[in-house]
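Listed below are the structures to be examined.
The following pair of complexes shares a single chain, chain A, combined with chain B in the former and chain C in the latter.
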Partner chain A sequence: MKFLTLFGILFLIIQGGSLYSEIVVEDVPNDAGEALMITWDLPDDVGNISMYRIYRLDPGAEDYILVGKVENPNVNVFVDHDPRYPLHAGTEFVYKIVPVDFSQNEVESLGTSLAVSPVAQLFNFNKVNSLIATLFVFAALIFFLNYAKTGKGLFIRKIAGLDALDEAVGRATEMGKPVLYVPGLSTMSDVATIASINILGPVAKKVAEYETKILVPNRDPIVYTIVHEVVKESYLEAGRPDAFDTDQVFFVSQQQFAFVAAVNGLMMREKPATNLFLGMFWAESLLMAETGNITGAIQIAGTDSVTQLPFFITACDYTLIGEELYAASAYLSRDPILVGSVKAQDLEKAIILFLMIACSIISLIAVLAFNTYAFNQVISAIFSF
Partner chain B sequence: MSISTNLWVWLAAFLTLTIYSFLYKDNIMYKFAEHLFVGASVGWSIAIIWHLTVFQYIIDPIKEAVLNKDVLGFILVLVPTIIGLMYFSRFSRSKGWIARWPIAVTMGYYTGISITPSIETNIFKQVEGTILTSFNPGSLGSWWALLLLVGVVTTLFYFFFSVKHAGFVGRTAKVGIWFVMIAFGASFGYTVMARVSLLIGRIQFLLHDWLGIIK
Partner chain C sequence: MKPKEQIKNILATDCGSTTTKAILIQYDPEAGRYRLIVRGEAPTTVEAPFEDVTIGVLNSVKEVEELTHREILQQDKIIKESSENRGVDIYISTSSAGGGLQMMVAGVVMNMTAESAERAALGAGSIVMDAIATNDKRMPHERIERIRNLRPDMILLSGGIDGGTIKHVTELAEIIAAADPKPRFGSTYKLPVIYAGNKDAREPVKERLEGKTDLFIVDNLRPVLERENLQPARDKIHDLFMEHVMAQAPGYKKLMSWADVDIMPTPGAVGLLIETVAKQEDIEVVGVDIGGATTDVFSVFKDRTEEEEKPVFNRTVSANLGMSYSISNVMAEAGLDNILRWVPFTMEEKDLRNRIRNKMIRPTTIPQSLQELKVEQAIAREALRLAFVQHKQMAVGLKGIQQERTIADAFEQVSTGETLVNLMNLNMLIGSGGVLSHAPRRAQAALMMIDAFLPQGITMLAVDSIFMMPHLGVLSKVHPQAATEVFDNDCLIRLGHCIAPVEKKRRKGGEHCFTLKIENRDELKIAWGELKLIPLGEGEKVKATIIPERHYDVGDGYGKSITITLEGGVVGLVVDARGRNPFSLPSKLEERINKLEQWNKALNIYPEKE
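Right after this comes the complex of A and B.
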């Protein structure tokens, strides 16, 4: 009987090839311990296999759960990183691989792995290029900040839209009408919102000096709180804290088009003499700028949203294009710290410009003269993350 | 013609027309729709924040931490909650200054967190995509890639703020602004097309779903 069993096993191995293989589970590097990579030996005969199903046994669980499948029978790698079945660093998981035949029946498992836990890394080595770039940005920033503090004048070219700002606020004063300032519809995570708030400070100060009224509707509650403080501070700086009316800065709604409906209604009723749309905008840009145009207000807009800039250019008197919005606060305040940061940005742009031209020339020489794409691989490695 | 008998369709059609009445001039019907829209959206937002933020990220985790006697988990939820609650100090005249603390935390957090993604997406990916990696004079794609490089380089010249736009820099920047305007023109046309399709959708709703004039 024992002989027959042994013979049967030997026969199966010879006929079907070995279905048992080694399953290796390894931690995926450079992450927060959220992924594991599973590899297995391909069975000798993959012709009868349509796919592999990957099952995982979580700690404390009695049954394996299906976490994924590999639909190519010749592929023997799977990365378990599905937010529906999250992995946790330091927790041990066991995997088994089950081949599926063309009738969608599961055949015998290829075996189970050892218990392995994902490990969280403190440093993501894939982002070394970002670190170098960030360090360079900071170094340039610190250098120009210190340079600006020495009192040596740093030149900033004319920005047409900002030169018109004085005129725009003055016009509102003469007409006895308010200035409308919309700091975009985005949150504080948007660079354009931060830039807009930086511009709002000097604008609100100017408005306070001219004893004009400013209206600042907000979409985001956090932005609203910050904007309120900035305007209040500006009135204080202008020596007119008594003129600050807390209702000038108000929250409208987080719903995009409800906000637009309210601002459009405000424009038609209050008839502001000057509309300033500075920050991040989406589909509402034309709706607001067109309404402002109808009311006859002088309009200055600025955003880094490439898709919305054409609408502002069409419907507004002046438009700050992209980075002009970031440079605006430095231009308005002439604060050495902000001017220094603009200088640092210019240096970074010059380096990027040089890199693009130099890399293109070297790459073309490498490809055309030596017929090698090695340099392109280097470029790809440097700029990819 | 088969007019809808659904009350909600009538309500939607009425609100659509009241909003469109703004095209004529500001009027009481538009004001009604505007206030209804703002009020409903704020009410909806409060309910969403209460259930999906306050409960999900504050009350439930605190309950869980207390039940499991997880001190670290409790502190990790409590600290940001207290920072968030500091915003409410604005309601007090004497303690309003406390609101500056969460503002500082928010500004610092968001500024810091946007550095790496900005460098990766706005610099690395763009530079990688712009560098010419091959050039075949017989291929139209190569000429487009060259045009892209010229466009990016000249446009960057326009965005130099510490150099006077005169002479070579001025001429190059002028070429750059031409590239920018051509791109904006294309983007404008594309977006207008999308907006027209939205208008068609609304008219279709009025004429089909509401009035049943078109099939």
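Right after this comes the complex of A and C.
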């Protein structure tokens, strides 16, 4: 029995709790020592109390500072975690609770706590699910990378828009007309622009191999510089550096509709056989796609901008929808590392999708048939990461 | 040539690589139709020591004379005035002797104009030795070397739509000019080159090729990317085949003077016949002719991508798949495992290899034992399967064309250039060539075709009785009625309908697949994995309702029942529920052999004892 009492005391000390006081201060677990939880015994008569003010005495300070208030007189818990009054792990703090009456006058303090210091934990147990998910992501990634490297080949479903790139360039060659490639109107910070440039490389290489012409108008000066280098590099890779014409890649305007007007004019004058709109687009998507359709070009579009997708789908021959745009470089190159990572991501998404559906069903059942609290706890724990 | 109404006696020959086949067709007033009377054959005499194709023709016609007691020849010439027992009204011929017509094609982009050129050449009955294109990943000197080494009979140059690229076409013309190709036969004439490309590039092409080759210019075979115009190029190929290739081959000048219509390349004639039959009966057909050196596949399928469904004819020739000269190549391409999977007994790989090599070096031998027959038929299945795979790759829609989309296409964007071969729509599958036409039991031919082509839904199986499709093909040009009547009654042996349901995904063996209700007969319940023969004689037609389970499709969609008229044949009604998605054989040897024996027994393919 004595052993148990001693163990209990030791536990409270480790946890940073104060002993034999009406005000108990405890360390908030699973953090970096930045919060303390204060609990107190409610006074016998709370009818005259409108709120509680929580004061803290920092080490070396002479006066208590107000760190917070609890406006419900029946609540006796407060967590001190205000970045304006930061706590530091290993430093001792003393708290006092002062009730306030309805005239906003402070009445007699409920007492002071023992000096307690917040403790930084090495491990945040609330994030165990994130750890599991991360480990799973890595495991899946490593597995698929190794599997892809064995040369067994991973299945990626057919993406008609990417398969059509070959024939798009072929069409331009047969017709003796150029290929128009618009890498979106956004900047390099946009993932869609990066994905578009990844596709531009193989397209430009194919254009060089077929000895035809590509036109790449740009809206952003930084994107322009990168695109210029990518196209140049592709011609070099195809063994045709001599065929690269620096004027094929050009800057038009940073103004959205000035850019659109220029590109539409280009389409009407040059009549490209193939238009590729891949990247981030806004209101100009339909203007460009419709103009291209009128000129008789086959058009391949791709964007992750959900609002523009319907316009592209109806006005273009092929449309890469959202993630398909990101998967393009893996699809086109069939590089084991890229294909493996796409596969791993797909698996993760499938699992998340499955969990969402499963948990929704569980919640529904819980609401209809059982006490929902326990279920909701489980579900919120799963999705808390 | 006499008017069509007066043609009563028709003599037709086909000069093959090894044998020349002659047939006599006569009008039977009692039956009120044309009939095949007799067939004679003799070795082809194109090669030394004879070097005159007409000797073989005369020998085969002599056999016809002997068998019919009709006088057809007089002083080694065909009598063209017919009376009761003398002469014929018309003489026609086809030829594939000396390797047939061998061509090279060139186009700007491999799967666009080069592919169209290939289709034009194949449709005209030639063998395409190679296709050259800007994107064929070869260096110019390699292309030049290739043209020089292959020595084709003629070259078909295409590329660019009208108003399209000139640069690329000119480059191709320069490559041909630099190769300075020499024809296979005859050293005195220039190689014929047909230009069927961009009309704006005609002058530059002329400048480069006119002096060095015999250049002919025809309409662009791809005037716009959305449309093919193959007929002018095909007609020109045919003319040049007559004027140049045939005229140079030994004895052909004489043969041409005998024939009442132009001599056609054998595959061209077969293709023409299949096209005619498909058109007349409004059906979708696949025909296959498996020979010793090559396997030809012909198909007529409707292009359902267009608003107006129009039949599209396609022919492919698998130059390296055959049952004698090319048999080793079948082994190399299919792999021993794939051949062995059809052999219903235990066999060492080494044994199979030796048998195949023996057949290659002794191409005229035929199986002497039941075991040898089973092995040969196993190889034939693989040769047919591979030829059909190649055909599916070539029989495709046009690539690189603009498409119309609606929002409904968001998740199902169909690509252009998809294969036109849809086995569910196939109405008739016709087999020809020694291994199919001369199989000891017709059921063997039926099962070989089913295993190789895996027909889906309801398909009529048929074989060419004595390989006279080439004769009838050329006859259809002058007398379509006679050709159709003989084809229907004497040439085509109907084996019977094959019912093959397609499952959504692989099912469990023994699961109920569909119910077959035949008028005035007991209802039949068919399980998945089963192969069954239902007796139904030649010419017998029955009304039947097929009620598939929800995971199975017999032609009208999954789970949808159909009521149709089923026709029997010399084999009967074949029910093949062995699965199509995919069709597979057990991997364990013992199980596989048991299964094969079970199937063979079901169709009574082989006798019980050797």
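The definition used in the following text is that the second predicted complex is superposed on the first by the 227 of 385 C-alpha atoms of A that agree within 3 Å, B and C clash if a C-alpha of one lies under 4 Å from a C-alpha of the other, contacts with A are read in each partner's own complex, and residues count from 1 in each chain.
We take it that contacts are C-beta pairs under 8 Å (C-beta built on N, C-alpha and C of every residue); 3 or more make two chains touch, one makes a residue touch a chain.
As the structure is a prediction and not an experimental result, all values here were calculated from the model.
When both complexes are superposed on chain A, chain B and chain C sit side by side without a clash.
Contact with chain C, but none with chain B, is seen for A:211 once the two complexes are overlaid on the shared chain. Of the two partner chains, chain C is the only one touched by A:316; chain B is not. Within the superposed three-chain model, A:296 lies in touch with chain C and out of touch with chain B [touch as defined at top]. Counting the residues of chain A touched by each of chain B and chain C gives the higher count for B. Judged by the touch definition given at the top, the superposed model places A:255 against chain B, while chain C stays out of reach.
Within the superposed three-chain model, A:264 lies in touch with chain B and out of touch with chain C [touch as defined at top]. Once the two complexes are overlaid on the shared chain, A:107 sits clear of chain B and of chain C alike. By the touch criterion defined above, A:364 reaches chain B but does not reach chain C.
Using the contact criterion defined above for the overlaid structures, shared-chain residue A:164 touches chain C, although it does not reach chain B.
Fitting both structures onto chain A leaves chain B and chain C with a minimum C-alpha separation of 5 Å.
In the superposition on chain A, the residues of chain A contacted by chain B and by chain C overlap at 309-310, 313-314, 321.
By the touch criterion stated above, chain A contacts chain C in their complex at residues 158, 160-161, 163-164, 166-168, 170-171, 173-177, 209-212, 296-298, 309-310, 313-319, 321. For chain B in complex with chain A, the residues that touch the partner chain are 19, 22, 25-26, 30-31, 33-34, 37-38, 40-42, 44-45, 87, 90, 99-100, 102-103, 106-107, 110-111, 113-116, 118-120, 123-125, 127-128, 130-135, 149, 152-153, 156-157, 159-165, 180, 183-185, 187-188, 191, 195.
Those residues of chain C lying in contact with chain A across their complex are 108-113, 134-135, 159-161, 163-168, 222, 225, 399-403, 405-407, 409-411, 413-417. Within the complex, the chain A residues that touch chain B are 127, 129-130, 133-134, 137, 154-157, 159, 187-191, 194, 222, 225-226, 228-229, 252-255, 257-259, 261-262, 264-265, 268-269, 283, 286, 306-307, 309-311, 313-314, 321-324, 327, 331, 342-343, 345-346, 349-350, 352-353, 355-357, 359-360, 363-364, 367-368, 373, 376, 379-380, 383-385.
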